[in-house]
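I've put the structures underneath this note.
Heads up, the next two complexes both have chain A, just with different partners, chain B and then chain C.
Here is the complex of A and B:
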């Protein structure tokens, strides 16, 4: 029971982390980055390589994965998003999905279709916390998600760079007129979000293994977390991540594993119908319509 | 050699694809190899999926990735029923309905949160297919697949392989014809309007949610049909046929062929089937290839092959000319004499945006059969007032009544249907519609053609279309722009687009006409003509509100003038009273100037 709760909270932490990354990009650019979870997926494979081929310690692997994630994020923004902004079309969903599919394809080509495990944190074994069992990796995931969520919230509400990003997401043209470098901000948001999901990839890999189709499931569930928590809300993502993860694990335990995704899907439909602005929406900004 | 525009627009070009389709249908009789026929069946199935996606994605702008899941629904429903010995007519119909129901269940929530939520909900739906099939292992065969689906039996007669081939091609022809009829009808034009500007669609009386849901359902049904046909192809289906890679293939086919096109779906499907899908040697590269197709297609080739084809034909094969009915169109007084103005009363209206009060205790009356001028400096709240009257903003307090009917709680499309028509400060003229079409579309929501009539081309369809075109031409003639009836309206110069918006506002049989800065961008002569038209409309009984910066023009046509400043009415009266009111001089030219004048 408590073990299931821990399992739910830790997988929920993964969803929340991806949702936080979605939010960073959303606040900075108003774009939904379909490929975000796929960047994490690539990170898990790099973590596997770092551990098994190069015997790097965990902390170095984290740095390497963060750098790789940042690089992919930056390249993605320049290749798949910036060009579109110039042509005035809104096909970001298609181009970022394209990037995600390419990343899956690369993973399949380089690392094959077998799931790979990563040996990090194995030495701690399974811990006993509050009467439930949890691995060190899972525990760290929960802590990291909390730190990242609160950190992003502080960053976006208390620092000038965060406020700049918020202002830009409200009104891009007005921000430009105020001398904000909107383009730099967009690349920065993609890079930061890429670095975040890259950095947590070694921890995620201890829980989910590295597989080339890891991105798909993470992408949709993190979207649910985003919708439930409210677009742009970092704290909402933390709470919603916990709800979704726990619900999923309890459904899997008591109804059977085939019900895991179906239950979450039903929750998504209900959220969209009943709570379309999520638990913590900042209220829809009044937009000048005409 | 070039053909004239009239021929290009009116010749029955649909005969070309129909003849092509009949040739394809006859291929077995011409001795085509079974392998060729098999490829054609695959192309037809994929084309059905892609054309459905084109309606939702290309025309209505919602990226629906769930075609592959609806394909699965159609296939499993038809397969299961076929094993229970049901006739093809039953299995096919139930499969279509099931796809529509699943589409509806996911479409309604998916449309709630803008474009990402549709993409993610439908993407999720695709991921669920293996889970659902596993849960229903007893009925659907589980992960290892559903076997033993018999050859189709249609009305009691067993179909041979050749019969199955004809069935697939015939179904494809029928669905393409239906989707084509839908898209070229005013319903399809409404989708294009909405894709370009949801605001305009609503102000023309269309419910955006309803339009999107209709498009999504019309896209879902061909997917169900494709699934039902697919179930019979090999007598065996498994969840692997309906995975994410299928969803990606469908999207790639749509983008290559051109998402906003009908026949492009066929071309895109053919390219995908003959190209990447058959090259089994590159299996491990397939994801990378599909991903690149999406990325590069969306970046550099957003109109697809269809757009390329249309541009080339229009540029090299068609000669521009004015169509005879446009040449013959005369301004019709009968049309404007139909206008029956009503009185709008706004009382104690307040509108706050956060802490910013845009309108503060505004009470105005736009009397039936008069022209009311609304003037004031930039930011004084004129457009905010128009936006509240037309339903785009909710008032913070106060009431808005049109002949006693409360408008304050209505949605914009309901306000439009109640009889409020408007133009926009920056003209909103959707791409891809001619001038005549963009006027005629304003007649669709109130008394247009029904969906079945449009898809099936029932007898009333042509009559209504012809009448709407005739009325649109007469309205254009009223504004002296009938000769531009058949050119792409979005490419017209600013002044002409403004006049076009006025014509569109008149087309809706409006009880109240809101003109938001109609004279800016017009030259002196055009302003004169516009003023004359406004006087003529008033003479026939229309109620007109004129928001304008052109002081002289307002003074020359308005019966009554309100002056707004920082959200308050500072002066009102007939043009002479307002002209001589010192407060007005003060608002426009500053206090010092007003004092000096005195």
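Here is the complex of A and C:
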């Protein structure tokens, strides 16, 4: 059972990390960035290149992938989102999805359709932790998700930049009147979110391999986690990711694999019926609690 | 006022131009708007973009080399072969649309009906209505239906051959309880169904679990199977999902003797989706063509295919059968057309189910001892010894370099 728990927490950590990145962008810009999971996908391929072509150690690969993710995020905001800001048309959903599809196509063109594995952390083999079996990569994913979720919450509630982002997302016009450079804030949010998913990409690749269609599956699951946890809630994303991952694994283990997705969506329906804005909502019109 | 006139006028003019352009003869990859007398046309629907792009590229290379070889030898029944390749993007709807466009331009003599069973099944009704011969390496059971698709043939054996071979092997090894993990997509279900029929009939106690091709972790499914205390595990899968299944097995520390289904070894370069740590007690059941035990090495056909692949700078990163299947497909149709002395689908189909042995060295590579199709089986008639057991290893130039 503990092995099943670890498996659920590790896959939930992947969902949570993408959802946390979604939230960083959402909190800063009120935009839902569909491309986030696809930026992570690109990061996994860069991790493969870092490991196999340049023989870079893991820590250097993480920095390189974070930089790449940050760059992609910044370019995405400038090219696909900035012009649509404040038009009220929500076309950012479409353009960010389009960016995701473009990234997927680029990955297919550059790296082909065959999956690639990364050699990082293989030397640790499988570990016995609290009576269950888990790989080092999975353990680190759980730890990193925890740190990222709590860290993002602290950043957004205890630092001036985080509070500024919150203020901007609540009332952009008022923020502009107060002299906040909302444009740079938006670019910063996309950059930071891109850096986050880029940085975790080498770890994710140890579990998922680098494959050009990785983004599709993760995008949907992470959105589900976001809806469950509450849009804009970092702790909600962390908790919801864990719940979804664990529920998937336990459903598959004790009910059968055909129940995996059913149980998760039933949970989502129940939660949203009772708490329409997610687990970490105040129950009113506010879309987020951080 | 002016803009109210010019705007709609411009729109109408543009629309008319687009319609007229659409009515004009198209410009396809290799098509010439007609079927000149003296040409045998092959239309190949391949998924050159998408998850099967790698294997499609290999099949395209095998097709092109086969066509070049046949043309150099005088063609099919004296007619030079023209190859048209269409990218269906693994989309059944797109495949049918492109096929219809081709049929509207010029009916091909032979169609390669896709690289996935879903695409094949979408194309076959149209091909049957149009009386076009088709062949491919897709092998879902529904494709092998001579009553419904009389002009459709396959280069792979029937799905049931895989579990029949497994049953023989497991009986020899003294196994009684078998655990099976496979994908729940169309092909995976077809294979699971076959295992679910054959193994219990052969006296085995079978437990089955499935995974979605998008699943990232199969720990739970393997734990369920582990709870049934089997003697042997069978893993079916293609691509990353197969890798996750093997990794999950390693993570559980479950060193049960594990066999791949025919697809695991014949369809994957395991070095890309797993590591040696995952190959503990793992055995692949594959066709000899993909291993160093192939018997066609040194034959004219095999040497021509491999030397041409090298000359063309092929990445040669797929299993040999992907290059060889389409070579065999074109050559068996050549044999049937020349035997029938006709190229219409009914005549060629009749010849395919009554193929006469060839004299001289076999032109076939995947299964050199070719046997005729039959009226109720349009897939390859093979016996269970078509599968051999090897240890896994990386694929180098189409060959599994087994460890140990």
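As a working rule, the second predicted complex is superposed on the first by the 253 of 290 C-alpha atoms of A that agree within 3 Å, B and C clash if a C-alpha of one lies under 4 Å from a C-alpha of the other, contacts with A are read in each partner's own complex, and residues count from 1 in each chain.
We adopt the following convention: contacts are C-beta pairs under 8 Å (C-beta built on N, C-alpha and C of every residue); 3 or more make two chains touch, one makes a residue touch a chain.
As the structure is a prediction and not an experimental result, all values here were calculated from the model.
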Key: chain A residues touched by each partner, larger count belonging to chain B or chain C   = B
Query = After superposition on the shared chain, which partner residues are touched by A:258: those of chain B (first), chain C (second), both, or neither?
reply = both
Contacts of A:83 with chain B and chain C, given as first, second, both or neither = first
Request  = Please work out whether A:108 is in contact with chain B alone, chain C alone, both, or neither, and reply first, second, both or neither.
outcome  = both
Inquiry  = Per the contact definition in the header, classify A:57: touching chain B only (first), chain C only (second), both, or neither.
reply    = neither
Message = In the overlaid three-chain picture, which partner chain does A:217 touch, first (chain B) or second (chain C), both, or neither?
response = both
Query = Should A:227 be classified as contacting the first partner (chain B), the second (chain C), both, or neither?
reply = first
Message = So in the superposed three-chain picture, is A:131 touching just chain B, just chain C, both, or none of them (first/second/both/neither)?
response = neither
Query = After lining up the shared chain so the two structures overlap, which partner does A:11 touch, if you call chain B first and chain C second: first, second, both or neither?
reply = second
Inquiry  = Between chain B and chain C, whom does A:93 touch in the aligned arrangement: first, second, both, or neither?
reply    = first
Ask   = Residue overlap on chain A between the chain B contact set and the chain C contact set?
value = 108, 213, 216-217, 258, 260-261
Key: Interface residues, chain C side, partner chain A - complex   = 49-54, 184, 209-212, 214-217, 219-221, 223-224, 239-240, 243-244, 248, 250-253, 269, 272-275, 277, 317
Query = In the complex of these two chains, what residues of chain A are touching chain C?
reply = 3-4, 7, 10-11, 14, 108, 112-117, 122, 125-126, 133-135, 207-209, 211, 213, 216-217, 248-253, 256-258, 260-261
Key: Residues on chain A engaged by chain B in the complex (per definition of touch)   = 32, 34, 79-80, 83-84, 87, 89-91, 93-95, 97-106, 108-109, 213, 216-217, 219-220, 223-224, 227, 258-262, 265, 268-270, 272-273, 276, 286, 289-290
Note = chain B contacts chain A in the complex at 63, 105-106, 108-110, 112-113, 115-117, 119-121, 123-125, 127-128, 131-132, 134-135, 199, 244, 248, 251, 255, 284-299, 302, 353-354, 383, 387, 392-393, 424-426, 428, 516
